[in-house]
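Across the two complexes that follow, chain A remains constant while its partner is chain B and subsequently chain C.
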Partner chain A sequence: MDLASVIHPLLALTLAPLMLGVINRVKACVAGRSGPSVFQTYRDLRKLLAKGAVYSKTTTWVFRAAPPVTLAAILVTVLLLPLGSTAALVAFPGDLVLLAYLLGLARFFIVIGALDTGSSFEGMGASREVQFSALAEPVLLLALAALARETGSASLSEIYAGITATVWAQAGASLAMVIAALLAVFLAENARIPVDDPNTHLELTMIHEVMVLDNSGPDLAFIVYGASVKLWVLGSLLVGLMTPVRSEHVWLDTPVFLLGMFILAVLTGIIESTMARLRLLRVPQMLVGGGALAVFALVLVLR
Partner chain B sequence: MPLLLTAIGLLMVGGLAALCLSRDSRRATIAGAGTAIGGCLIGFVQALAALGGGSLATLRWPWSVPYGSFFVQVDAVSAFFLVTIFAVCGLAAVYGIGYMRSFRERRSSGPPWFFFNLLVAGMALVVMARNGVLFLMAWEIMSLASFFLVTLEDEREEVRRAGWTYLVATHIGTAFLLALFVLLGRDSGSLDFDGFITASGVAHPSANLLFILALVGFGTKGGIMPLHVWLPEAHPAAPSHVSAIMSGVMIKTGIYGLLRTLTFLGPPPAWWGYLLVGIGLISGVLGVLFALAQHDLKRLLAYHSVENIGIIVLGLGLGLLGLSWHSTPLAVLGFGGGLLHVLNHAVFKSLLFLGAGSVLHSTGTREIDGLGGLLKPMPWTGAVFLIGAAAISGLPPLNGFASEFLIYLGAFRGIQSLSSPQLPALLAAIAGLALIGGLAAACFTKAFGTVFLGEPRTEHAHHAHECGPAMRWPMVILAAACGLIGLLSPFVVMAMAPVIESACGLPAIAVERSIVLTKPALDAVVVAGMVAALLLLVLNWIRNRLLATRPVTRSVTWDCGYARPTARMQYTASSFAQPLIQVFHVFLRTRTLLKKPLSYFPSEASLATHTPDICEDKLYRPAFLGTAKALSRLRWLQHGRVQVYILYIAITLLALLVWRLG
Partner chain C sequence: MAAWTDLLLILIALTNLAMTGLSSLGTCIRVMAIQGVMLGFVTIGVRHDAVSAHILILVVGVIVIKGLVFPRLLLRGVREANVRREVEPFIGFTMSLLIGTLGLPAAIWLGSRLPAIDPTVSPLVVPVAFHAILIGLFLIVSRKKAVTQVLGYLGLENGIYIFGIALVKEATILIDLGVLLDIFVAVFVMGIAIFHISREFDHIDTDRLSTLKE
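Right, the complex of A and B next:
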């Protein structure tokens, strides 16, 4: 095991909330506001961790178990992330399936946690969450399958080590389509516009935010932190493709990767500022569109 | 081997004793359940020893039945299925002691235990039989015993209907099997299985026809789409511990039969693999979609059996493709994943059916939307149901993930190495498995969330109580097995090497090599699971530590300031599933009966949705009605005079005699 493998998990754990801050700052700038500090999420987390908690009388141990289980599952996915040509801490053939299913585990618990409150709002959010994620899952795995074929490996570390400038020159079109498919997954799974609006406080239009309506204090801190790490995890899958710099030197790969994450955050902010949320009925179409792009990418790879 | 036959004998004798003691329900239960548990225990230990020892145990007695011989054998595949059968049936028998208690006032416990023991003995004999006649007899014992168990509550109309559907379906399946064995026997001159096996590397002359016959015959028992229509009718109708063994193990005898037949047919052509992958995907995706649309808890679980059989068949299909493309890793991982899923599905599906049985036992209803909040009065049932729900959704680190992971691994291995024209099937398998996984999670969050969480929606749910120890412990053991098989998956898969080897017919060394390659991946999955569990404990500790000194209050769920929220305002299972059902309306064709509220002071309004089975509605009903209409012309033959019937028989025999002599 390479000591450099520790860098990505550490970066993900420390900088994930910053990415949310950058997105919000970009949105504020585009809207002509000065906006909160990019470190606002850290402050929110500190504030929440310092608070007490309110639990609904309806809830059971499931509601209390949901935030730690969700966060634990998401934190484990961080161990699977490579950085440039540096392998992940845990790398094995099929780790991409484990990554997808660990995110599934996180989702399963946040959904039943929401249902435990017996609230219609939260049930509604949970219902939408399972709907969109069921459609996003095949897109994610098909996109990763295209990469697996392209690089001849089934492990994230080897796949991302194999995405070099030469591969881009040879199979640029299919990689671009994989990126588009992964972008759809990234936006849908992280509850961003055009699928979900993280800012709205009208419960009827929300997905992720409405599921955690009854969480408070440290529980909510776990959920917010978990959501930001998930944003980082899926974002890093995109950025690893967009920045094909594989210099074998960690000290060059890392800044390039971080720059990529920053650009992705800015891009997300711009998408959120320039697009409206889709109607809920349209979201499946967007995800199926992402799936079609992944299939096209595969067709190009198979040719 | 002698002890295995003793176990089967014990089951049969105990069953007969229970029948004889029908007058006294208590004694009948002791005789029936006692021998069932004892027989399953002996059988389980013996089968486990046979699986570990790897030796081939054979017993062959001559038999006076034409073409028959009492020829039984236990190889690795049989031992693997026997382990599954005896483990699940033994636990179901313990559960049945508690569950059947509520039936005692209404009817004797004798006959149910008789048929229960007969069912278990029949299943065990099916996987041991090595003679066509013996196999079909065991098959019929199993089918008929389960038919009588399905129709136990025959005072209810829907139960009689379900029993009838089941009886017809299972015998249509048997008819295909009869043709299969006749054809196999015609070529070899004997109905003993060892005569069926062709020289290695040579395909059976009529392999394609035999494959289709086996697929339809065994597929009907297995419940693959579109031959599944009996399954969502019969499984909910049976008592819950019987549903558990029907869904958990009985349908797997179909998979066993298919596997066994494949060993007779020689090297498979690629289209068998494509067909199985296609059937697997259709069964998997449509099974889970129909499950999502159900309102009845046991019916929902029954459709999930269709889904899981789909996953198993998908694995076997990839395995066949691997064999025909000479890709050993794909073959081994496909068969391995499929077979491991046989065991896993047996464990978590029987757990879920037993959990559903406890809910039914305690509330008297299976209507998901009428329940709610059961986790508080039923903490054990709720907790084990949650474990089963997570396992069936394929979530790591439980057992369901391990088997699906093997199939994924096989498909990804194929994607890396095989040539382009071979990939679409593998990609379809990956996308299909991912979709099935996502939909299963949706369905089980719906089922668990609506039944066990929130507030009780009706009176039924208010009076719920936890089940007794006889019903509780089997569920706890099964739930523990879900976790253990997941955590020990590297060892379980290693131990299954001989099973995979004799199922796919590849040389032992090649199988071993492919399996050893998966070990690092499975190890890593287990490590990831352990790390997640450790993190969970740490995070939980941190949270509790932080909250220890702070105000923690209990309040009502946020209700937007509404003054009088009621339990009926909760989201229901139907509303939870509605968006997905809407997306997949093309397949589901859910019917909605809506009575809109009219005028300013509406007095009544109602909404009902119903999702009939598309195959039953569009395929079987027209087909059977058409057949009935066509055959009604022959009605004049059938007029109820026995003498004339005897005359028919005599004429037939005479004609046959003339044909034979002439």
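Right, the complex of A and C next:
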């Protein structure tokens, strides 16, 4: 195990809420407001952790178990993520499938936690979350399969170490399509705007936010922190592709990667400011479109 | 040279894919116009070893007619026919997108069954040509409006054109120019026909024409 491998998990765990802050700040700037500080999410988390939790009498242990299990599953995915050419802490052939299913496990627990409250709104949110992620998951796996085929390895660390400027010159079109597909997954899985509005307070239209209406105190803190780490995890898959700097030098790769994450956060903020939410009926179409791009990329690299 | 030809060919395949998933008629027509312009540049890319005055005439002809004249004609047709600006498919957009995506492996398979062509030509040419032909045919049978059928016809012809510039060498310039003229007349006539259908029946749904009686 390389000591440099520890850098990415540490960065992810400390900087993930900052990414949310940057997105919100960009949205505020585009709208002409000054907006909350970029550290607002940290303050929210500290406030929530200091509070006590309130549990409805209709809920069972499932509701209490959901936030910690969700957070744990997402934290484990961080260990699988490489940074530039530095391998991840845990790397083995096929770990990309584990990544997809850890995210699936996190989602499953959040969904059954929401269903356990017996609230009809939360049931609706859960149903939508499951519907959209059932479409997003194949896109993620197809996109990763295209990358695995292109670089000839089945481990995330080797795949991302293999995405160099040479590969971009050879198969740039396929990689660009994979990036577009992953961007669709990134926005859908993290409940960002074309799919779900993180700021909406109308239960009928919310997806992610409506599922956590009954969580409070530390439970809510776990969920918010988990969501921000998930944003980082899927974002780092994108940024790893977009910044093909593989210098074998962790002190050069890391700033480039962080700059990439910052640009991605700004980009997300701009997308959220300039786009309206899609109608719920159109969301599957967007995800299928992403899937079509991923299949195209896969077919082109298989050819 | 080869890299950007490949990129253009992939972009052409993507515009075809977009045609299966887009719902607004105006956007569809504009996507087809972009495809026409890219088609012109692909001609140079595929024939870069022998760029002659003939080829340049062809390129300019393709770009002007497919990128400017056709979209104007069709947009005017849609505007004057005063119909709803949506595509109205028989097969839903999501299903169409899936079919369009599966068209690419099918096209690659079809291409691999053909005898090998000139190795200097990009290996993507034949699959992209077949993909355009398949999607063109699919658009013709799966959409209600007469305008979208014209677009499908154009996509089909673009596929045949890509095939032509890659496979047949010298003699094709004249043939291609002739075909371009034919297509021009065809789209012109179809534009007028769309206008007349809409004036007579207040719509341009071709499926409702089949119930006409003498």
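Everything below uses one rule, namely that the second predicted complex is superposed on the first by the 303 of 303 C-alpha atoms of A that agree within 3 Å, B and C clash if a C-alpha of one lies under 4 Å from a C-alpha of the other, contacts with A are read in each partner's own complex, and residues count from 1 in each chain.
We adopt the following convention: a residue touches a chain if its C-beta (ideal position, glycine included) is under 8 Å from a C-beta of that chain, and two chains touch if they have at least 3 such contacts.
Everything quoted here is computed from the prediction, not taken from an experiment.
S.K.: Answer with first, second, both or neither: which of chain B and chain C does A:Pro284 touch in the superposed model?
M.R.: In the superposition, A:Pro284 contacts both chain B and chain C.
S.K.: If you tally the residues of chain A touched by each partner, is the higher count for chain B or for chain C?
M.R.: It is B that touches the greater number of chain A residues.
S.K.: Applying the touch criterion given at the start, work out whether A:Ala72 contacts chain B, chain C, both or neither, answering first, second, both or neither.
M.R.: So A:Ala72 only meets chain B here.
S.K.: After lining up the shared chain so the two structures overlap, which partner does A:Gly172 touch, if you call chain B first and chain C second: first, second, both or neither?
M.R.: The answer is second: A:Gly172 touches chain C but not chain B.
S.K.: Thinking of the overlay built on chain A, is A:Phe108 touched by chain B (first), by chain C (second), by both, or by neither?
M.R.: In the superposition, A:Phe108 contacts chain B only.
S.K.: Counting only touches as set out at the top, which of chain B and chain C does A:Pro93 meet: first, second, both, neither?
M.R.: first
S.K.: Taking the contacts chain A makes with chain B in one complex and with chain C in the other, which residues are shared?
M.R.: 284, 291, 295, 303
S.K.: Residues of chain B touching chain A in their complex?
M.R.: For this pair, the touching residues of chain B are 372-373, 375-376, 382, 386, 390, 393-396, 401, 405, 408-409, 412-413, 415-417, 420, 423, 427, 430-435, 437-439, 441-442, 444-446, 448-450, 453-455, 520-521, 524-525, 527-528, 531-533, 535-536, 539-540, 542-543, 546-547, 550-560, 567, 569-571, 575-580, 582-583.
S.K.: Can you list the chain A residues touching chain B in their complex?
M.R.: 49, 51-60, 62, 65, 67-69, 71-73, 75-76, 79-80, 90, 92-95, 97-98, 100-102, 104-105, 107-108, 111-112, 115-124, 126-128, 130-131, 133-138, 140-142, 145, 148-149, 152-154, 203, 213-214, 217-219, 222, 280-281, 284, 291, 295, 298, 302-303
S.K.: In the complex, go through chain A and note every residue touching chain C.
M.R.: Checking each residue of chain A against chain C gives 169, 172-173, 177, 284-285, 288-289, 291-293, 295-296, 299-300, 303.
S.K.: In the complex formed with chain A, which residues of chain C make contact?
M.R.: Interface residues on the chain C side: 3, 6-7, 10-11, 13-14, 17, 21, 93-94, 97-98, 100-101, 104-105, 108, 123, 127.
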